[in-house]
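So that we are looking at the same thing, I have put the structure below in structure tokens.
By letter and in written order, the chains are A, B, C, D and E; residue numbering begins at 1 in each of them.
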Amino acid sequence: MDLALTIIIDGLIYASWLFIVALGLTLVFGVLRILNFAHGGLYALGSYGAAVAVSAFSGWGLGGWFSLVAMFIAALAVAVIVAPVIERGLLRFFYGKDEVLVLLITYAIFLMLEDVTKMIFGVDPYYVFEPRNLLGNVELGSLFYVGYDLALMGLALICGFGVWFGLNRTRIGKITLAVINEPEVSQAMGVNIARVYLLAFGLGVFLAALGGAFTAPLISVQPGISVSVIIVSFAVVIIGGLGSIPGAAIGALIVGLARSFAVYEFPEAEIFIIYLVMVAVLIFRPEGLFTPVKARKI
Amino acid sequence: MSAAVLEARGLQKSFGAVVAAKDIDVSVLPAARLSLIGANGAGKTTFVNMVTGWLKPDAGQVLLDGKDITGLAPRRITRAGVCRSFQIPQLCETMTPSENLLVSAEIATGGKPRFFRPARRPETLDGAAAVLARFGLEEYADQPVNELPGGVRKLIDIAMALAVRPRVLLLDEPTSGVASEEKFPLMDRVMAALEGEQAAVIFVEHDMDIVTRYADRVLAFYSGEIIADDAPGEVLADSAVQKYVTGTRR
Amino acid sequence: QETFKVGIVTFLSGQAAQSFGVPAWDGGKILVEKMNAGEAPAPYDKKGFGGLVIEPVVIDEAGGATTQVQEYRNLVQRENVDVVVGYVGSGDCLAVAPVAEELKQFTILYDCGTPRIFEDADYEYVFRTAAHATQDNVGLVRYLKATGVDIETYSGINQDYAWGHDSWADFKAAMGQIYPDATVTAELFPAFGAGQYGTEISALMQRRADVVHTSLWGGDLQAMILQALPRGLFQRSQVALSAGDHSLPPLGDNFPEGVIVGARGAYGFMAPKSELNDWWWKIYTDAYDVMPVQAPYRMAQALLGLKLAVERAMEANGGKKPNSEELAAAMKGSSWESPGGRIEMVNGNGHQAIQPIGFGRSMKNDDGHIVLGDIIRFPARCVNPPADMKGIEWIEAGFPEAECE
Amino acid sequence: MLKLHDIHVRIGSVEAVRGFTMEVPPGAMIGLAGRNGAGKTTVMRAIMGLAKLTGGSIELDGVSMAKTEIHKRSALGAGYMPETRGLIPDLTVEENILLPTWVTPGVDGAARLRFVYEVMPELKEMAGRKALLLSGGQQKLAALGRALTVGSRLLLLDEPFEGVAPALAQRLSEVISALKSERLSIVMSMSELSHSETMLDRVWGIERGANMKAEA
Amino acid sequence: MSARVFTIAALGALALIALGLVAPDWLLFTVTKAIGFGLVALGIVALMRGGLVSFGQGLYYCAGAYVSGLISNRLEVTDVAILLFAGALAGGLAAAAISPLISRYRGIFFAMLTMALSMVLYGVLAKVTAIGGSDGFNVASPSFFGWTPGVAKADYALFAAAVVAAALAAALCRLYFDSGPGLIALASRENELRVEYLGASVFTVTQRNVIVAGALAGLGGALNGFALGHIDPYFSYWTTSGEVVFIAILGGYASVIAVFGAALITELVRSFSGQYFPESWQLSLGLFLLVVIVFLPRGFGSLWAGRRGGGAREEPK
């Protein structure tokens, strides 16, 4: 049925956007036990970076498909520049401290990022038009969808699978697990935990920036885009179970579908549907859908 | 023969492939001094955990004075009079030993909560001090417990358990990690604390000297089963026990 | 030498900074500069405010009404400003007005749209130098009619807070009067700052309508436009932006053609030709090389009105710096020329302005750039309720006493 | 040759180790004995760099430990079995044992694993199980196995027999003494010497963080 | 003991009220608002002592404000005592109603669940146009036991009322924190397992703290509602809750007075940075937060008990 189809497609598109953003968040929490509020600010930086990079590229005559490359590079750049500053410069002193305390620190970072971004890029909006026209349009049911939007689903899948595989199926992943659970001992066993932390956080930043970069073509890049992102992605991560990647995926799906369903059937409820979902899930799964196995206490 | 205070009937527990308890039947008389020995991973702690409500047995029952307490919340079981110490000490990490003891005393006294009566009253403080003294911990009284060495933490853990005047007290490896010359004094203190009460003591122990000295009955576990249940002498003489648990003694 | 301290409150951070707050203050800054230099055209050519040097104190409007009440008190009680000019957010206006009254502090609300301010209460010290939101949607519907758009079905996408809900209510009411048979196919209320409108756009296209109404603004509006463009929403339906003019400069030639655009006044492309407007347009574009949109216009009309009020009050009191009572007396019921046409403080017994409003349709000009054409301006009394009537009642009563010619 | 010279460690408010000196000749098996809180664990943590030296020096075969980054010390051939076992709950026993070999250059993981299974067949049985499920004693075993993989020059065993059933404890001490070779030195902290006094070359006593009056 | 606490509180209150006579109006107002926030933060402190932090106190704060505001607007009840009490009651009841649902959650999940609930309330209130929707509504300043202060005195009167309320709340909290149940709360923050095995119910402890915190938040909400003269759903927005959490952390759970101090400092810093760096107040506020957290550990003493690295090495695994 046509309506159901559109609801699902819209839901999926929104979900994949959510997922890309939430992925980095859940990763960083999983490894560093930090719920990173600054994630929103990094997302914004990614958008700005993409805007600048794409226009720079087309300035050098590298339009078309290169604009996608440009966005990717922008995200990478943000990660390479910002992650060390924040992680080495600040966060590392707070590992193992109370989660909420660290959350406040990242909130402070978020505030500062807001103004720093404003100082660098000003308040005038930036736009990234080109990439969205690359993949043309697709007619589904009675509607046109933009190929680019649909492609986001692919991007989400790739990111998600990549991170999951890296963490669960590779040696680096297992070493990371070791650091998560027993940083001290792992160190004594020869693990360079500083590097693991930096890598994990860097990857998190990269994912945030990537999310921002690939959203840039959909929005007007300007102050204020960071806030709306952070809370929804928090919700997603909580729903899925902190630190769980499949969890984030399912969480994003649930939220995405619930939202698009609401838009059609109960537009009035859209504003808090995401929180309703969160409450509903937590009532049945107090620690989210996917809870990590706990070490034996006694 | 008087009625058993604690009785386990056909307790079963397995974790995936691992069978941690294969119908365990135990009945414990009041004031009994029962020691659980066994190979590592034999199921001693699991038994303790099932009795105290941390784990719910897959099958079987735990009876206290004939009343079924199977699978009740630890809190309720404790209130019923079964309490325990832990193999890995469970303490209020950033509090001092005396505060930890204040806590246990406060909870133990029960009654309805008094919101405007300070917790640190002369009598409570003295109480805590007395307990510390009894366990020879005065010197550590005011150091956060997470700064204390393993053995000391162990003592505090047991001291807390004792605050709740129990009918049955389970100690999971009370002396492991405690310096050798401390072990006997420690056990003496525990037993002294229970003097004159009808409390049964069940303690998991790897040190056979302690077992022979303090137990009047020994249960030997091996891969989830009780392979021997008798007076210390007999059990330690048992060949299976020697093979799997105690080793050939020199 | 004596100064006249003006507290300016407008968005410098967050969502509304780019579209309203910052351009408004840009306009204010350049205008204050010119006025202090005495370079403004007559009748605004006295230096400063009647010789007093204008000293602005700017603060950020972000943070919600409660924060604003506090900041307002600080401006008045700690910084001792002579006047406060500010507030884009309706919630902020509603919260600040009673405080201003309590502190007996002359205060100008320069932008916010909610009619509730003077409809729900009477104020002595509070003035609003811009017409309230009723005219936006009345004017919009009149424009639809005037340009012969025939409508059987219409739908709306508005933000899920008072502004969005009120705008949609006004629009529906006005439609009920002017297009009685038209029916609603979809009413969408995305959260403020949602940023992602894919689903809403699908819904709007699913529930296809002749006209799609939206009061979205700023980043939300631009995001919505960008996301809707390639999906052909603008081909399927006649989209009408009740307050979207500020999205023209940033989107430039990527702005879709054939969209009906309002500015909550006769501003920018819709401004009536006048020397004052040409001058204003020039100083603004020279300073920021972008055209002024609605926000700076409203800031300008507030400051110009204030200037005259101060000078009138000084004539009355013999040249002293006027106090709040004298200012209120001078401002009450006054009227003045602004770049966006004549401002008349006739409603809310002399505290609420009415003003003409303009609408246009986006189209390419001869050198292929997107501009607004088919401009129609409606006189103030054609789109604003008479002094004694609430906006929505006036609409539902069928616009009594409306003077459209 | 491991040399501790007059080391001091302060943890928070307390000075846990105040001037402790110890020498461990190559191939020697040394006991580090003391009452609870004497400082045994802290000394070992100091050698591994987990507790910061506030004074004194530690050398392994002439290399100053203080100058070696913590995560590089295992590469010097130092294997450590912490008092608190410190297994990685989410990893299997085998992965736990292999962990040091992954991150320590020049160690043949497979070979070391085979060796560990040889000396401790018990571990082979639980190889596939997640560490978090093991009983207290089982964790000790795994932790010992893990220490063996990289501990080619120095083994630091913090109370290896604590909570281990006698039969197994006996096996362990046999295993450990079997490890004895001219290169490998072993330091065992213990609050009781019962299992092992026979096999020890020397016992260093520690008391209130300093050498016991008796020696040194 | 309790006598001592109450005398101290009373003396402190009197001193402040006296100081108020010479303080400038804007400061009076700022202090009043700070006290409002301080009360909410005090509630969070109560929760923190039980090992929990709520990012949703906005919910009770908002409930208190709306209920007292509506009572004053619709029922023409204007007496400050009644209105403040109504606010506290509303907050407490709301908390009591919700507590069975949320009391079994821990850590970040508790924080986020409470936040979600408060955001739901926000969403709902934003829609109820009968009470002003997202724009909220205004409230008149209350009367004081029959006396209606003129505009000039209104700020001072409310300030005095706030001080009294704060002193009372602070005293009661102090007593509760030092009591046996208070100690058990601390213990359950440190080691729930042990508390349960001693025979106490962590759930009950949490529930108790949730209700206390709710009542305090309701009181604070009512107070700020009247201080600001305006109430809107923003009271229940997550940023409001977040600000209060920061105040609580900055205050730390050792001292109840520190909490109010922290509230005042935060208010001042925010408004001055807003005044002097209008373009970059977020930067300065962020810096302030960082500096405080990095250099003022005392404020949140035992939150610093290390779970990883340095500190404690033998936390139960």
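Operating definition for what follows: a residue touches a chain if its C-beta (ideal position, glycine included) is under 8 Å from a C-beta of that chain, and two chains touch if they have at least 3 such contacts.
Computed from a predicted structure; not experimentally measured.
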item	value
Required minimum of steps from chain C to chain E, each step between chains that touch	1
From chain E, the most remote chain by mean C-alpha position	D
Pair of chains joined by more contacts [C-beta pairs], A-D or A-C	A-C
Between chain D and chain A, distance of the C-alpha-averaged centres to the nearest whole Å	42
Rounded Å distance between chain B and chain D, as computed from the means of their C-alpha atoms	29
Chain C and chain D, separation of their C-alpha mean positions in angstrom	75
Multi-partner residues of chain A (each touching 2 or more other chains)	114-115, 118, 184, 268, 271, 295-298
Chain D residues counted as touching two or more neighbouring chains	12, 41, 83, 89, 133-134
Two or more partner chains touched - positions in chain B	45, 87-88, 90, 144, 147, 150
Interface residues, chain B side, partner chain E - complex	52, 73-75, 78-79, 83-84, 88-95, 99-100, 102-104, 106-108, 110, 113-120, 144, 146-147, 150, 153, 160-161, 163-164
Touching residues on chain C, where the partner in the complex is chain E	12-13, 57-60, 63-67, 69-71, 73-74, 76-79, 90-91, 94-95, 98-99, 102-104, 114, 116, 121, 160-162, 165
Sites on chain D touched by chain A in the complex	48-50, 69-75, 80, 82, 86-91, 95, 99-100, 102-104, 130, 132-134, 146, 150
Parts of chain A lying in touch with chain C, wherever the complex brings them together	2-3, 6-7, 9-11, 13-14, 17, 114-115, 118, 123-125, 127, 129, 132-133, 137, 142-146, 149, 215, 217-220, 222-225, 227-229, 259-260, 263-264, 267-268, 270-271
Parts of chain B lying in touch with chain D, wherever the complex brings them together	15, 18, 37-42, 45, 87-88, 140, 143-144, 147-152, 173, 176-183, 206-208, 242-248
